[in-house]
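Next come two complexes built around subunit A: one with subunit B, the other with subunit C.
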Partner chain A sequence: MPGHKKCPTDGRSPQFSDEEVQNILTKITGLDLQKAFRPVKQELKPPTYRLMTDAQLAQATQKAIQIAKERLKMPPVLPERKPIDDVLAEDKFLEGLETVKYVFTDITYNIPHRERFIVIREPGGTLRKATWEERDRMVQLYFPREGRRLTPPPVFKEENLMVVFLQDRHEDILDLCLVQFEPDSPDYRRVHKLTYEDIDKHGKYDLLRSTRHFGGMVWYLVNGKKIDGLLIDMIQRDLIQDTASVIHLYHMLHPRGSSAKEAGEQQAQGIDLVKIFTRTESQKAGYVELALQAYQETSTERSAQSSSP
Partner chain B sequence: MATPMQTMIRRLRVSNLILSAWQGTHQAKRPVRLLAAPVSRSFCTVPDQPAFDSISRYRERPWEYLESEEYIEKYGSQTVWADYRRNHKGGIPPQKTRKTCIRGDKISGNPCPVCRDPKIQVDYRNVKLLEQFISTHSGVIHDPTRTGVCMKQHKNLTRAIDTARDHGLLPFRVPFVEFKMEDYSNSHGAVTKTPPPSEAGQARPWYSWYQWNQPPEKEIAKVRQVYHKYLKEEEPVAGQ
Partner chain C sequence: MQCDTNTQTSKASACLNCTHVLLKSKSVRELTRVVYSDVLNFNLSKDTMVHLSSLLLKHYHGGHVVIRLALGGCTNRPFYRIVAAYNKRARDSKHIEQLGSFDPLPNIYNEKLVSLNFERIKYWIACGAHPTKPVARLLGLSGFFPLHPMTVTKAERLRKTAGQKEALGAPGEVSEEASESKPETA
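After this line comes the complex of A and B, so read on.
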């Protein structure tokens, strides 16, 4: 259900749209202004220069942060939509009159697309509600959305997706997918799943780090219990707070696991959470421990350097 | 006494000799790739290689030609259009290049960079060739006045580049489209199973919109405001 909800006390597992989950995911996603406003290939114009005081610069930075936050709003993660098969009438006397199907679409302007009636009269005489694919096509025909094509481009096929992943263009393909498909359609879920699996396989988490898709990826990995690679990557980049948040989310989603119980007993915080998780439920425990060791060595070196004058 | 036929034949033989001699002296000076030959003959340096085979091979796998020695010898690391110069009157070239270089079997003089080398196949799969026609800084396809290709080949290139971008072979800038949240509950009657009509004495209508629904006050106020001149003076609070 859309809308913000507090962490539920009625025993239901937390959803993507819960306030606490969203807070954790936005914190992990971070906000890298250099990445959000990086130069892109476009029509070249001569550059503009502006002389600003420090206060104006701070104001401009604040404005840029606001715009970046708008751009980093996460698209929803929804369960797959149930197929529509509903026959309204079976009129056998119409059989053989027509050779084609007729699609009747209600094109009233002010109604949401999911409340639009789209029915199909088949040559055999049955009047049925249109399936989701037919609905999407008809709605795109009469109310075209910017960037969405009538037939999905061939880039979303398996073999072409592999080529795109080799070029490290995961963010682009996820943006295209968001524009082309509805969030609860099977195609959307399939493309996202393939992208997340590829990122997890090659450890390319940083590609999505300051984009609107990072939250969705973390949600998918936590639900699938595949957070080891992500944890290793975060430890190597010295993001221990983020690792703690990820494991906190993991405990929220799998409260009956051994890791959650032990953490609850010991009331662990920060790096101790990571250690408990590595001991109990991790799949790549060895690698995570190695990374933790390396991190601790570097942190002791740094503290020794900073303490000695 | 020679017959007129014999003299003609002798003259033809002599003229052929002269022609071959002239060609022999001049061919060494003209570079091979500017020979205007019909499409079916290739520019192979090896004379006994069958011409038809290489072109059909490159039709199936067009990217192989760009890796071959022949290509590197001809173009090096430049683009295929780098050393081409259009022939036109005056300082400013016409804004459109010629319509096509090859009409039927004939090739025009000074053919464009794509038409002069029949082994270059414009296909959506040979990304290296297509990239040569896209600007590295702005991602925009070069104008035909800049590259020198004929309009027909420019259209082919544009189509191939679009197909390559559709298949994900060429990177391009994906425009940022803001995502608008809709109501994804899917609970409306249009997308769910039709509930059976209630038999309980027709107390409840089948769908909620079958009975009169009072529209919201805002809509009523809007309509009143539009037709305020025509409203009858029945209610004392009629909008004016």
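After this line comes the complex of A and C, so read on.
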């Protein structure tokens, strides 16, 4: 559960939206242009070909990188919203006049949806503020957002999510969840939690790499102290810099742990950080050490091959 | 019609002043005839430049703006729009502005949906619009207005009739129970 541990050194715990945290997460996410601009289902058009010089090609690649960065902007991770139960008036003498609730929505154009007045008069006469679910429904009714449905599609039920995970379509379901739910709604958090757990269980980290959901996943795993599988996957793909960043993030979030203290004492960098972490706080220490050994062997072999012509 | 026909330049502006008098008595046809005569006679100064649309609008004698429910929808499926319109206009015809909606049939969650554009309602009430009784009732139920007295009265009357029914039913029930128990025992 992405919690917010209190850290006395900063005065406040590192949040998802901190600049340093965001930098680390963007670096880890990577920027695979081929995956970012994968053919998306859209209207069939014949492809356009352009003749470019090398300089123009470099410019076009730069522009593509800019657009990919926009698309890879991470959706916010917010704490769960507290339920609204605010009663504005209790008029007991109105009881029995109506058998239905009246829902009054304020459709003034220039107010943010969070501040809109949505009020319900119960048949018992109480005038109360609408709950979050009712609010979402009313706002979607009067100010419809493209792609969002009034009732959430049945994909988001547990058993149907399992089917989706079997098909390796985690990215699609997360995109759908982002469109359908608000970031602080319990449904959004539940779907994300299930997705991340499934990815962690099967080690399918590469599915989300170079998408906008990778940062959120890393944040969730680091908060839940489940980064072993991620580290193994990264070492196997020779992404040692990324492993160092992940462990640096881990130390930022859990500064009281033993690995953070040791790393602070030794001022370790890069692969030494990983070694300290495996020794102290890792759950699957054996696997991580094996992966590290394999990596070191391959790196020595490669350096030997490259040095001997 | 009082026109200063002394100078050519003042003729057009004077005629504009007359249109004010015209509105009260003559028809639109007369009005356009006056304006077009200026155009045809090349009496065009900057005073003649007239926005015909505002002159062609219907002006009511002693009318006022109301906020009321305009009925729409289909057979056996009413749907009301909360609308600011002139009093004399037909119920469903051209309104000044739509301020919301009201669906009298409850949905699957047992709710009647009312939408209200409070900012514009405030503006029209500030301009002197009169809300009708159903609209005032809805605004009272929403908490924007204080509760309408008829709402309170209806609730009291309902409770009174319910109380009377109970009172009538109770001695009737007692006698029924007595008569039921007698055949059972017998």
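Operating definition for what follows: the second predicted complex is superposed on the first by the 295 of 309 C-alpha atoms of A that agree within 3 Å, B and C clash if a C-alpha of one lies under 4 Å from a C-alpha of the other, contacts with A are read in each partner's own complex, and residues count from 1 in each chain.
Rule of thumb we're sticking to: a residue touches a chain if its C-beta (ideal position, glycine included) is under 8 Å from a C-beta of that chain, and two chains touch if they have at least 3 such contacts.
On a predicted model such as this, the values are computed, not experimentally measured, just so you know.
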Fit-or-clash call for subunit B and subunit C when the two complexes are aligned on subunit A: fit
In the superposition, subunit B vs subunit C on subunit A residues touched: B
Which of subunit B and subunit C A:Pro186 touches, first, second, both or neither: neither
Touched partner set for A:Gly30, first subunit B, second subunit C, both or neither: neither
Partner chain in contact with A:Phe117 - subunit B first, subunit C second, else both or neither: both
Subunit B versus subunit C as contact partner of A:Gly96, first or second or both or neither: second
Partner chain(s) touched by A:Phe104 [first = subunit B, second = subunit C, both, neither]: second
Touching partner for A:Gly257 - first (subunit B), second (subunit C), both, neither: neither
Included angle at subunit A between vectors to subunit C and subunit B, based on C-alpha centres and rounded to the nearest 10 degrees: 60
Touching partner for A:Pro14 - first (subunit B), second (subunit C), both, neither: neither
Which superposed partner A:Leu88 touches (first subunit B, second subunit C, both, neither): both
Distance in angstrom between the closest Cα atoms of subunit C and subunit B, superposition on A: 12
Shared subunit A contacts, counted only where both subunit B and subunit C touch the same residue: 88, 117
Residue ranges of subunit B in contact with subunit A within the complex: 137-140, 166-169, 171-179, 181-186, 188, 190-194
Footprint of subunit B on subunit A - complex, ascending: 1-2, 40-44, 70-71, 73, 75-76, 78, 81-82, 84, 86, 88, 112-118, 129, 132, 135, 146-147, 153-155, 160-161, 163-164, 167, 169, 172-173, 175-176, 178-179, 183-184, 212
Contacting residues of subunit A [partner subunit C, same complex]: 88-89, 91, 93-97, 100-109, 117, 119-121, 127, 138, 141-142
Contacting residues of subunit C [partner subunit A, same complex]: 100, 106, 109-120, 138, 141-143, 147, 151-152, 154-156, 158-159, 162
